[in-house]
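Heads up, the thing below is written out as structure tokens.
When the chains are written out, they are named A, B, C, D, E and F in that same order, and each has its own residue count from 1.
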Amino acid sequence: MKMVDVGGKEKTERVAVATARLRMQPATLERILQGQVEKGDVLAAARLAGVMAAKRTPDVIPLCHPIALSGVEVVPTPVEDGLEFRVTVRTVDRTGVEMEALTAACAAALTVYDMCKSVDRGMVLERVQLDHKAGGRSGTWDRGEGS
Amino acid sequence: MKMVDVGGKEKTERVAVATARLRMQPATLERILQGQVEKGDVLAAARLAGVMAAKRTPDVIPLCHPIALSGVEVVPTPVEDGLEFRVTVRTVDRTGVEMEALTAACAAALTVYDMCKSVDRGMVLERVQLDHKAGGRSGTWDRGEGS
Amino acid sequence: MKMVDVGGKEKTERVAVATARLRMQPATLERILQGQVEKGDVLAAARLAGVMAAKRTPDVIPLCHPIALSGVEVVPTPVEDGLEFRVTVRTVDRTGVEMEALTAACAAALTVYDMCKSVDRGMVLERVQLDHKAGGRSGTWDRGEGS
Amino acid sequence: MKMVDVGGKEKTERVAVATARLRMQPATLERILQGQVEKGDVLAAARLAGVMAAKRTPDVIPLCHPIALSGVEVVPTPVEDGLEFRVTVRTVDRTGVEMEALTAACAAALTVYDMCKSVDRGMVLERVQLDHKAGGRSGTWDRGEGS
Amino acid sequence: MKMVDVGGKEKTERVAVATARLRMQPATLERILQGQVEKGDVLAAARLAGVMAAKRTPDVIPLCHPIALSGVEVVPTPVEDGLEFRVTVRTVDRTGVEMEALTAACAAALTVYDMCKSVDRGMVLERVQLDHKAGGRSGTWDRGEGS
Amino acid sequence: MKMVDVGGKEKTERVAVATARLRMQPATLERILQGQVEKGDVLAAARLAGVMAAKRTPDVIPLCHPIALSGVEVVPTPVEDGLEFRVTVRTVDRTGVEMEALTAACAAALTVYDMCKSVDRGMVLERVQLDHKAGGRSGTWDRGEGS
């Protein structure tokens, strides 16, 4: 187990997009969207938590390189049975930012869980996945439609 | 948005159990179970990452109270289409440990993703959920069979 | 230089209230209050940053004890020449939470600075001060009117 | 709310200078300067706390980029009614270091507060402000005399 | 690998004493003691670094419980061939503080290494060891003379 | 005390190798090597703890620059009276990685101590030292045979 040496790789622009879904009761989604959650603005907290978690990724994922993130955005969108979080992370560095995007997506969704759990403890975090990456030696990767 | 005051609650024994599944290609699971992943012992890393992430939860989930965890265990088990992580967190404190269990489950699974992503970038983290909690004013909660 | 031993003190309910003011141009305050800052909801970010910073206080203030905060609230209010942040921190522990309240007040105000600095780099953080503390051996303290 | 993408900016030498004042009773200042504070060398602690806080800035200010600081210096100076802290932070990166300088100034001053609060709880942190920045697309900025 | 459950243990007063020695060239020790190290007051920095590292122990030692430290003191003493660091950590909690004392001793000594390495890169950290512990189920332990 | 400005230095490939020895009872070493330690896979935990600690170095060593590590490896080897940890850290940056290598070596060894202390509290961490560094203005340095 080691943090593999990436010193020989070039610094290139890289991007990763990850998504996650938090499935919840319709009444919970309703409350969130109407700003009626007692603990406050859930979506603002989720966005911020996602950005901050992206920066903490090397502390949470043991073999992840500490890198300079150039941008992080977390966009929550209401979907049929809950919320989808779409996270985009960018860097100009020697290694990719897939782990940062996935970690941010989890943190954003769990922040919503935390703020709403007193009314809906059964929420489930589903389909945390990488959707797209580009840049670096392994090039572009896109999740296929059917996967 | 505030961290609600729990000073009036009593310190009681509390436990939370969360699970998560990482769906992967059969060949990836095979490699993990046979210890053939180039980056090292994936399951050992996942267990450790989960324990450490449980301790970092208040840094990652904005409104989560910093509490004294008395025990954390992460158990990975092979399932049909990947790995299941079952996390048990215990405390004797004024607030529950659901968020610690969920955060640990995500970190454990994402650590596996990180160590195997070069051979299976399409892995999906599924069904991160609370399965059981006990202790505290809101008492015991168990996820029903059909949920 | 040492972290003094508080093991002989009793655990009691303690509270600390700190305030800080961020002086800014009228147009900046206007933008914040009308939600027109390009970087997003400034007051939500400030509240959250304050809560999170309160939890990080022992990492930032070298001789501060790590304690279990039972509640943290950050309330921003528009005042004549900017924003006032009023932070209330509570614990049931062996030492007070003055440093947590002051640290949270600074972090909340600096978060506003960060999000608005591109339009008003001259903002000044003024009067970061303890206003009230209660609990513990040294008892209650209140800032006098004229100080 | 997002951490804006700075990937398109060039890495340039950047510097930021921030100052803060901690107003205190004359007897408190006297004690500090004569090394008679029971908790130890206050000014050494403040300098170190400032440097360490500069490194923690992206953990404390939510939308702040994690960047490689090339130098940090905290200089405390006695002034009429207390201490002034002058912080200089340097980097060669894609974004400025104003937030690092301001955060370090707050941490240095609050460290003094922490070490002396048992004898002077009424100390007030005043005028935390950016005094100078240079480098980057927005160029040089200096606080005017009268501001 | 798990963080073992200590929830069934009683909270008792506990103390741990650890020591470490940093062996160095006589000229290096001389410089430190006479305050001639270019980077500043080495012993003040070491004391502070030790205290702060004690608080970070659960982040650095994976299976270590996060506990409320009630006191930490780091005392550097000149010895024949360098410096000895004696660290005392106290808590009133369910588990001991041996790891906190050992971690603080290493951090204090390595801080001296860092500040003096440009003039004496060959310094060696020797004999980092637990000297005494008391409290808790396993009771008192003292290192024997000859060990 | 300041974090000296390295902004004028060039980014070059740098490497540092540090070693540490944990002296223990023969029975303890035996248990570790045969995987019979109750707390789990000690060597896997030590490797991971070392890598993670390398990344946390600027949080633990006050004047250490935050830099982008390109690789970290911790290799434990059984020796006559215990375990030796050999840590290699690499970067392409403006300052060296000696402190990261030394910090990782301590963390790896202390993790073993933590996991085995219930059966062998007398273990001693010996000879934590830099063995080799290369790159940067001060060039290559190797510890001589007799030191």
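Simple rule for what comes next: a residue touches a chain if its C-beta (ideal position, glycine included) is under 8 Å from a C-beta of that chain, and two chains touch if they have at least 3 such contacts.
Everything quoted here is computed from the prediction, not taken from an experiment.
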Checklist entry - Under the touch criterion given at the top, what is the topological distance in steps from subunit B to subunit D? => result 2
Checklist outcome for this item: Greatest Cα-centre separation from subunit D belongs to chain B
Next on the checklist: With a Cα-based fit, what is the angle in degrees between subunit C and its identical partner subunit E, given to the nearest 5?
Outcome noted: 120
Checklist entry - Are the two sides of the subunit D and subunit F contact the same residues or different ones, given that same means over half of the numbers occur on both copies? => result different
Checklist entry - If you average the CA atoms of subunit A and of subunit C, how many Å lie between those two points? => result 29
Item to check | Rounded Å distance, subunit B centre to subunit E centre (Cα mean) | outcome: 32
Next on the checklist: Among all residues of subunit C, which ones touch two or more of the remaining chains?
Outcome noted: 1-2, 4, 40-41, 44-45, 47-49, 52, 56, 59, 62-63, 68
Next on the checklist: For this structure, enumerate the chain pairs that meet the touch criterion.
Outcome noted: A-B, A-C, A-D, A-F, B-C, B-E, B-F, C-D, C-E, D-E, D-F, E-F
Next on the checklist: Which residues of subunit E touch subunit F once you look at their complex with the stated criterion?
Outcome noted: 1-2, 4, 20, 39-41, 44-45, 48-49, 52-53, 56, 59-64, 98-99, 102-103, 106-107, 110-111, 113-115, 117-118, 121-130, 133, 138, 141, 143, 147
Item to check | subunit C contact footprint on subunit B (complex, rising order) | outcome: 1-7, 58-59, 62-63, 65-68, 93-94
Checklist outcome for this item: Within their complex, subunit B touches subunit E through residues 13, 44, 47-48, 51-52, 54-56, 68-74, 90-92
Next on the checklist: Can you tell me which positions in subunit B touch subunit F when the two form their complex?
Outcome noted: 40-41, 44-45, 47-49, 52
